[in-house]
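Quick heads-up: structures coming right below.
First chain A sits with chain B, and in the next complex the same chain sits with chain C.
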Partner chain A sequence: MTFLQRNPDIVWRHEKRREEQVLKEMDAGKDVEERGTVILLISGMMHQLNLLGGMIWNLCDGTRTEEQIVDCLLKEFDVERNVLAADVAEFIEDLLQREWLIYG
Partner chain B sequence: MADTITELFSAPLTFNWTLSYKCNFTCSHCYSRDEVGEELPTEKIKQVVDVLADRQVPFINFGGGEPLIRDDLLEVTRYATDKGLNVSMNSNGWLLDHATAEQIQQAGFKSVGISIDSAVGKSHDDFRNMNGSFERATAALDALHQVGVKTTMSAVISRINFKDFHSLLDLARKHKVSQVFLHNFKCSGRGFKNREDLDLSPQEWKEFYVEALGTKKVTKDLLISFDDPVIASLPGYDENPMVKGSSCGKLSLHLRPNGDITPCGFIPLVVGNILTDNFEDLWYNSPVLNGMRNKEAKGKCQGCGAYQDCLGGCTARSFATTGDLSEPDPHCWK
Partner chain C sequence: MAVDLLDAPLRVSWDLCGGDGKVLSAAQLSRVAQQLLDAGIFFVSLEEQPLLHPEIIPLLQSLVKGCQVSVVVGNSETELNLLGQLPQTIKLYLDCSQAVQGHTFNGDCIRPALSRIRNSGYEPLLSWMPRRSELPALLAALRFCAAESIRGFKLPNQKIGVSCGPEQAEKMPDCEDLKQLAAAIRKSGLPKLSELQLDVHDLFVWELLQPLSGGQRSEYGGCQAANSLGHITADGQLWPCSSWPEPLGSLLENDLIDLWQSDLRFEIRRQIAEIPVGCTDCRDYESCFGGCRGLSSFCRDDSLKRDLLCEGIR
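Now for the complex of A and B:
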């Protein structure tokens, strides 16, 4: 099993109030693709993860595989599994390359 | 009032925390040396840490006063680091020998900054009004490096060093420092009383920053940092700060020894107390903080093409010299 975990050197914060707002906007049919809900502070720069990215980030706590993360997210989003799995795989691959995520 | 800061941030990223105003030095520029105030006992300080951890504030930077004067500093730091906070401090280095450096490392400090204002020992000692302080400060840097604690060096730019900051960078290299902060001079406290002797003219500030920014661009072995929003008006300035203008009240807040919160250590406006007030209410609704986040151009800032980037420069200097948060920064050369 290959569990995904966040790079422990990265300082981050889940902006819960912002996430609540983004969820309301999503329910109202607005485009929330560019709206950050998790902030990462890396080398003096701030990066934001959007709703899906933030949820994946939160789930990467060293106890789940990529497949298990998809299982968790399927409970939150009304979407085909293969579509969601592709999005999750692309996001995780990107963050693995940046070394923001690592395999535990 | 909703704004771009609180629309995203539920709390600041950093609390600059003055645990005590007490200090073993009497520096000419100090904002706090003449301050007195109640200090919280250890258990109350831990309650403050609990609030910061609950609010997910990632960074605490202890300043002062001299942080090492508090004999519970290491205990409090261990408590904070155990809760996941990233703790740093700024010290004059006098009390920081090898044994203390080891304790600092064990307490979990992420980094320690040592204040050194001149690479010439006597100039530093005179500025700090403490003979031998340069030697102790550099020894502190070495001790910290030896035990594996990341070190930074802080210099307040003033008349004694603005033409000679390159030697400060060389000194930092010699003592294996990773980052040098060239702090802008604040006219608060003793800095206000002594500003005629210490502060530069706006034109001198411009010349200093033009040269210092040029040096920063070509320096690869050392991080050089400025915390002065007025530089955003310089041609060729291409940094990408997280926020425009002063970061105080947006990315950072300041804690006084009694738990009172101010926007920064140089602005004596109390927005509330971290132990007795609801922090969320203060963060989102404080008129002072919202005033700092939503400044309106006044005076020569009106119509200035740089205003959208510098937002009037350093709010603390504006307030210290005019009593108005939105007046132009007196260091501005435009």
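Now for the complex of A and C:
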């Protein structure tokens, strides 16, 4: 069993108020792809994760596998499992390569 | 992805002394510090001789639990005598403004303080807020950094103070200063500073020093007042940044998060999002976004509202 966890050296913050706003906009049918909800500070550079990326990031707390993260997200998004799983896999692969996520 | 409308600032500068000489009580300091911790502020910079505040040690012990803390140290005996009592996780910046005399930089007057900082187990860093006609001294300051193996040099944003009076506006560097600095760099070149980490707030100064900073500028997406930046004055007032002439409200009477979600904050961000009249059709607007909008609002008596260091449309 391989649990995903955030690199402990990364300083980050969950923008809860902004996430609430983004969720409202998404419900209203707006494109929220470019709206950040999690702020990461890495080597002095600030990065943002969008709604899906931020949710995945929050779930990577060292207690879940990739499959379990997809299970959690299926409760939030009205989407086919295979579509969501592909998005999650792509995002996690990218962050593993950057070493922002690691296997615990 | 644009950096906009954060829940709370990421960086806060906090003047512990200064103003009319009054300082916050232990209970008031604790209240403000707890708000910074609760809001998830990444960086807190304690300024205006913070080591002279009688409650500095408990404040630092509280802040380092959740924030990365830097402290600007003056050159006084009282401040330097405290070095051994400070948490080792903080960053210490020695205020080197007293070493600047016109266009020259006299490092001799800060060398003893640098030694004491080193002897206390800290990597000494320098901080300097250049005032009008001083900017050309920057080259000599950088050469001093090279000679003394200084690893970090910060040029923070220009502070306008609580009074926001016209005498403050007259102290701000302008584009003539920048031209003189550019001419000095053309004449003698930039010193080689491979190990120096530069933290330059002003975009136009940063452009001149870019070869020293590896070409990367952290988190610049336009003026960050009332977004990723915030400032607290010695009386507990929260400001959009130290260069903005209007406070958001008191942290002794309001919660930081509430002030950051207030109509006034959003109105300031709306003003910042507008393209200044003087920047219309400028080819570089997409890289500078109008520069420092607080100082241009505060200091410029024309309607163009360009950054003070900007010479004109490119």
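Assume the second predicted complex is superposed on the first by the 104 of 104 C-alpha atoms of A that agree within 3 Å, B and C clash if a C-alpha of one lies under 4 Å from a C-alpha of the other, contacts with A are read in each partner's own complex, and residues count from 1 in each chain.
Just so we're on the same page, a residue touches a chain if its C-beta (ideal position, glycine included) is under 8 Å from a C-beta of that chain, and two chains touch if they have at least 3 such contacts.
Please read all numbers here as calculations on a predicted model, not as lab measurements.
For the composite obtained by overlaying on chain A, chain B and chain C cannot both be accommodated without a clash. Shared-chain residue A:Ile39: touches chain B and chain C both.
Residue contacts after overlaying the shared chain place A:Ala89 against neither chain B nor chain C. By the touch criterion stated above, A:Val79 is placed in contact with neither chain B nor chain C. In the superposed pair of complexes, A:Arg13 makes contact with chain B and with chain C alike.
Applying the stated touch rule to the two superposed structures, the overlap between the chain B and chain C interfaces on chain A comprises residues 11, 13, 15-18, 36, 39, 41, 45-46, 48. The touching residues of chain A, when paired with chain B in their complex, are 11-18, 21, 36, 39, 41, 45-46, 48.
Per the touch definition, chain A reaches chain C in the complex via residues 11, 13, 15-18, 34-36, 39, 41, 44-46, 48, 50.
Residues 7-11, 13, 56, 58-59, 86, 240, 242 of chain B are the ones that touch chain A when the two sit in their complex.
Of all the residues in chain C, the ones that touch chain A in their complex are 1-3, 5-7, 10, 40, 42, 68, 216, 218-219, 228, 261.
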